[in-house]
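What follows is a pair of complexes built around chain A, which joins chain B in one and chain C in the other.
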Partner chain A sequence: MSAKVWAFALRSLARQPGRAILGILGVAAVGALLFDMLLLSRGLLVSFRALLDAAGFDVRVIAADAPAFARPRIADAEAAAAAIRALPEVDEVVSLRLGNASVTGPDGRAHDVFFLGADAQSRRRPWILLEGRDLGASEAAPPALVVNRQLAKALGLRPGAEITLRGDCARGAATAAPPVRFRVSGVVSFPFDEPKAMTAGTRLRDFGQTCGLDERGDVDIFLVASREGAAAAAVRSIRALRSDLHALSNDEIVARFQQVGFSYFRQISAVLSSITLFFGFLLITVLLTVSVNQRFAEIAALRALGFTRARVVLDVLAQAVLLVGTGGLLSLPLGLALARWLESILHAMPEIPADMHFFAFEPRALLLHAMLLAVTAVLAALYPMRLVSRLPIAATLRSEMVT
Partner chain B sequence: MSAPVVEARGVTRTFPMPAGPVVAVRDLSLSIAAGELVSICGPSGCGKSTLLHMLGCVDAPSQGQMLVDGVDVSTLADAERSAIRLSKIGFVFQRFFLLPMLTAAENVELPQAEAGKARAERRSRTMELLDYVGLAHRAHHRPSQLSGGEAQRVAIARALANRPRLLLADEPTGELDQATGQQIVELFERVHADGTTVVVVTHDAAIAARSPRVLSMRDGRLEDGASR
Partner chain C sequence: MLPAVLLFAAAAVPSTPPSILVSRQLLASEHLAVGDVVALSGDARGSRAREFRIAGVYEPVPDPARLGAAALEVRLHLPDLLDLTADPADPVAAESVRSINVKLASGADVEAFSRELGARVPGLLVRDLAGADDADVTFVVLDRFHLAISLVTVIASSIFLLALMVMLVDERRDTVAILRLIGLRRRRIFIQVLAEGLVIALAGALFGVALAVLLEGGFNRFFQWRYDTALVFVRVTPAIAARAVSVAVPLGILASVAASWSLLRRGAMALARR
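Presenting the complex of A and B:
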């Protein structure tokens, strides 16, 4: 379309500013909802994938494909970890034990703490150090502990401070072990932390002591880092080595969640996107149809003056594109603001990691948003374009004279 | 006599209606030579506007041939007829149909832009035409700021924008008072005097009487006795 078509369409829209603004605002609202639905459709998936990758491990090994609360632990973990570590595709294995503990705050109130023990011999950690020092491999007294920001803030902890934890790690059974005093070596971030969760981590040995565990060395999970992204090969080798264990790459975990856990969001998003687009389509079609109906005589006069059929049809299309384009641009900041607000509401739900987002921005969402709006603009313009293209010039001018 | 600018050969225009077809123009033949000023008059519904629409290529005859500059336009595609209208024919309507969002100058520029004229050429021609119709001082006014007579003069300037060979006007004074209508008729006479072929449809016998050639219509036919 040439510049004169766009300029003429713009002037046509500006002729009815109220109607044009109404259309643009309507498209902006529709576009914002559409944008949010697109962000929602893959938001959890994208942020979950980012979380998995951020932890620095691309394979996870568990004892059984069962929910966490009912899953057996990996027995004789030290030997199993050593065997997996020896595989050529594997760079590193970190054994992880998960549990709970309680700590008494300065106000005398007990706080529940998510407690985990990690293999301190490895170079990688299932957390990111923010302040202070990481756990050392050497024995020390009192044993070292890393805490997350929430726990540090709640108890006023800084590196070097001491804290007493009472383990609560046996599922459903009370722990008879005495409380253990730790020295905080650093403040860390645990990728899967909930926004308000208080979490602490220590070495496996100290975890066992706190929880009163025996020395059998059972762990909940192996976090495996493959060499040079050979995750799939590492998974195959681990399965061949230990068919009794369940090894899953990040890709497989994401694919599984995509099929099961996150498919609801995708379906909801698809339904709401379709409804949203339909309303956008109706809005633009109605606005343009009303506009065209009011301008029949004028369009017939333009045709009589020599405007071609294609030219007046393009004018309608250009108006639709301008309305939807302007509204679509406005919809982006509006959609992002709306997504932030909805995100804060959804994050109030329990057990949602702080770094997990329902609405995750991806360039493909932007592209899809633009494409869907463009298609809507064209579809919405079809009916008024048809009216204009079939407008009989002489009959319209004659009826204008009669009326 | 000059070669005809437009010629109708046995044209009939029938409109299908629920109660049966209505014949608006019946087997009519007519030739208008270059440089003529012709009035077509007759009572309402006699077919004069339908004839004008066929002469102006906005409607096609159901039967017969319509020739513009010797070319049979009855069989042309819509785009080709549009091109003829744009370059060879100017239209003036009873209700002006100026675009309200454009100024007088922009309205006059519009057909020129559509014809692909360069901006400088358009501007120059527009000011020349507005000056011609006595409205150079109103160039930047919108139609809503113009009187009926001024709006019609802008419409005439617009119709002349692409230097058409044929200017067609359908009841151009129908919306105007008598004095303003006289001014518009005088403007048409000036346009004619300057070399453009002009055809005016009117039901006003006084206006028709001022034309050198008057075609009187009744029931879709030219009245032989009443025409001169």
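Presenting the complex of A and C:
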């Protein structure tokens, strides 16, 4: 389309500014909702994948494919970890034991702490160090502990501070282990922490001592880092080695999450995207059709003056593109602001990690948004374009003159 | 429900094994039938498997938090479950349960009962199930999310409505001019516009509610099929219908008044383009 077509379409819209502004605002509102629904449709998946990859482990090994609350632990974990570590596809294995503990704050109130024990010899850690030092392999006294920012803030902890934890790691059953005094070595970020969670991590041995566990060496999960790009091969080898264990690559976990976890949001985003697109289509079709109906005489006069059929049809299409294009551009900042608001609402859900987002930006969402709006603009312009293309010049001019 | 219990091959046995109930979903996925004998084990290796007879099928209580996860569940008598899952090396395992559900007599004080039980059995965690828990919070959050989405939808619809009314009023510019020229006062035309707006808004709102009621069954059936659940996803209650009408009607009237305002404040000659 030439610049003349665009300029003419712009002038046509400018002649009825109120109508054009309302059309653009309507497309902007619809487009913002559509953009948000596109972000929502894959947001959890994208951010969940990012969380899984954050710590550098690409395979998880558990004892049974059952919900966390009913899942048995991996028995004889030391031997199992050594066997997995010896596989050629595996670079590193970190054993992890999960539990709970309580700590008394400076105000005398007890705080529940999510407590985990991990191998201290590994290069990779299931957390990211933010301040201070990581857990060392040496057997210092008191034992070292890393805490998250939430716990550090609640108890006023800094590296070097001391804290006493009472373990509660037997899933609700009381333990008779005495409280253990720890020295905070560092402040860390645990990728899967909830926004308000207070979490602490220590070495497996000190975890066992705090929780009063026997020396059987059961763990909840092995975090496995495969050698470069060998996650699928590592999973196959682990399954061949220990058929009683369940090894899952990050890709498999994400695929499973896509199937069950929060699929409600994918469904609602699909439903709302369809409705918003239909809504936008209706809005533009009605605006253009009424506008064309009111301009029949003008269009017929233009045709009589020498405008070709294609030229007047292109004028209608250009108007649709201008309305949808301007509205679509406006919808992006509007959609991002709306996404932030909706994210703040949804993030109040329990058990959602702080770094997990319902609305995650991806370039493909932007591309899809542009494509869908472009298709809507063309579809919405079809009917008014048909009206214009079939307009009988002489009959219209006569009829309009008589009127 | 026992997710950790694993189901093995069905077989016929001479003596009558203990009875179990299986969920409808498990029955369908494993092609089982009432009366079949199945072997269950407490671990993935299938060790210490025991045989049970399927006495019946049940529909699991729909749980929105587990939407999309197939409810492959079995219900056993407690002694059978303990026998199946207890660690033989642990002497108290066969006498331990994770929780005990208590139904208090009508009028009993839950807090007093919890306090007394806590004092008698130290270490016991007593929780009032009527109190709010995480699932409740999830649905409060979802409710807020739906409200926010409806707010955005209402804003978009209002703009659409306003655009429509502006066009409608523009089409009737000549009619309004003639009405003014034959002597009708602005106030009279304003009341007419208001009445028209009310009728259009009421008709639109009622049509919307009727459409929602019509689509309700279809939505529910689709999502119940999609997730294989008995959950009800959409329910148009009188309160929701009333709320929708109470928002739509004033908005419709406002849109018609706002759109007509430019015509009403102009003089009759200006409207007639003279």
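Assume the second predicted complex is superposed on the first by the 402 of 403 C-alpha atoms of A that agree within 3 Å, B and C clash if a C-alpha of one lies under 4 Å from a C-alpha of the other, contacts with A are read in each partner's own complex, and residues count from 1 in each chain.
One rule holds in what follows: contacts are C-beta pairs under 8 Å (C-beta built on N, C-alpha and C of every residue); 3 or more make two chains touch, one makes a residue touch a chain.
Quick caveat, the model's predicted, so the values are computed rather than measured.
For the composite obtained by overlaying on chain A, chain B and chain C can both be accommodated side by side without a clash. By the touch criterion defined above, A:Ile393 lies against chain B but remains apart from chain C after alignment on the C-alpha atoms of chain A. Between chain B and chain C, an angle of 90 degrees opens at the CA centre of chain A in the superposed model, to the nearest 10. In the superposed pair of complexes, A:Ala141 makes contact with neither chain B nor chain C. Of the two partner chains placed by superposition, only chain C is touched by A:Leu283; chain B is not.
Counting the residues of chain A that each partner touches, chain B and chain C differ, and the larger count belongs to C.
In the superposed model, A:Ala310 makes contact with chain B only, not with chain C.
Of the two partner chains placed around the shared chain by superposition, chain C is the only one that A:Ala63 touches, whereas chain B remains out of contact.
Of the two partner chains, chain C is the only one touched by A:Leu342; chain B is not. By the touch criterion defined above, A:Lys4 reaches chain B but does not reach chain C. Minimum Cα separation between chain B and chain C in the superposed model: 11 Å.
Overlaid on A, the two complexes show chain B and chain C touching no common residue of chain A. The residues of chain A lying in touch with chain C in their complex are 18-19, 22-23, 25-26, 29-30, 32-33, 63-64, 66-67, 70-72, 171-174, 244, 259-261, 263-264, 267, 272, 276, 279, 282-283, 286-287, 290, 294, 338, 341-342, 345-346, 348-351. Within the complex formed with chain A, the residues of chain B that make contact are 49-50, 53, 56, 58-59, 78-79, 82-83, 85-87, 89-91, 93-95, 97, 99-102, 110-111, 113-115, 158-159, 162, 170-171.
Chain contact summary for the complex, chain A toward chain B: residues 4, 11-12, 14-15, 297-298, 301-311, 393-394, 397-398, 400-401. If you check the complex, the residues on chain C that touch chain A are 2-4, 43-45, 64, 67-69, 96, 98, 123, 125, 134, 137-138, 141-142, 144-145, 148-149, 152-153, 155-157, 159-160, 162-164, 166-167, 170-171, 223, 226-227.
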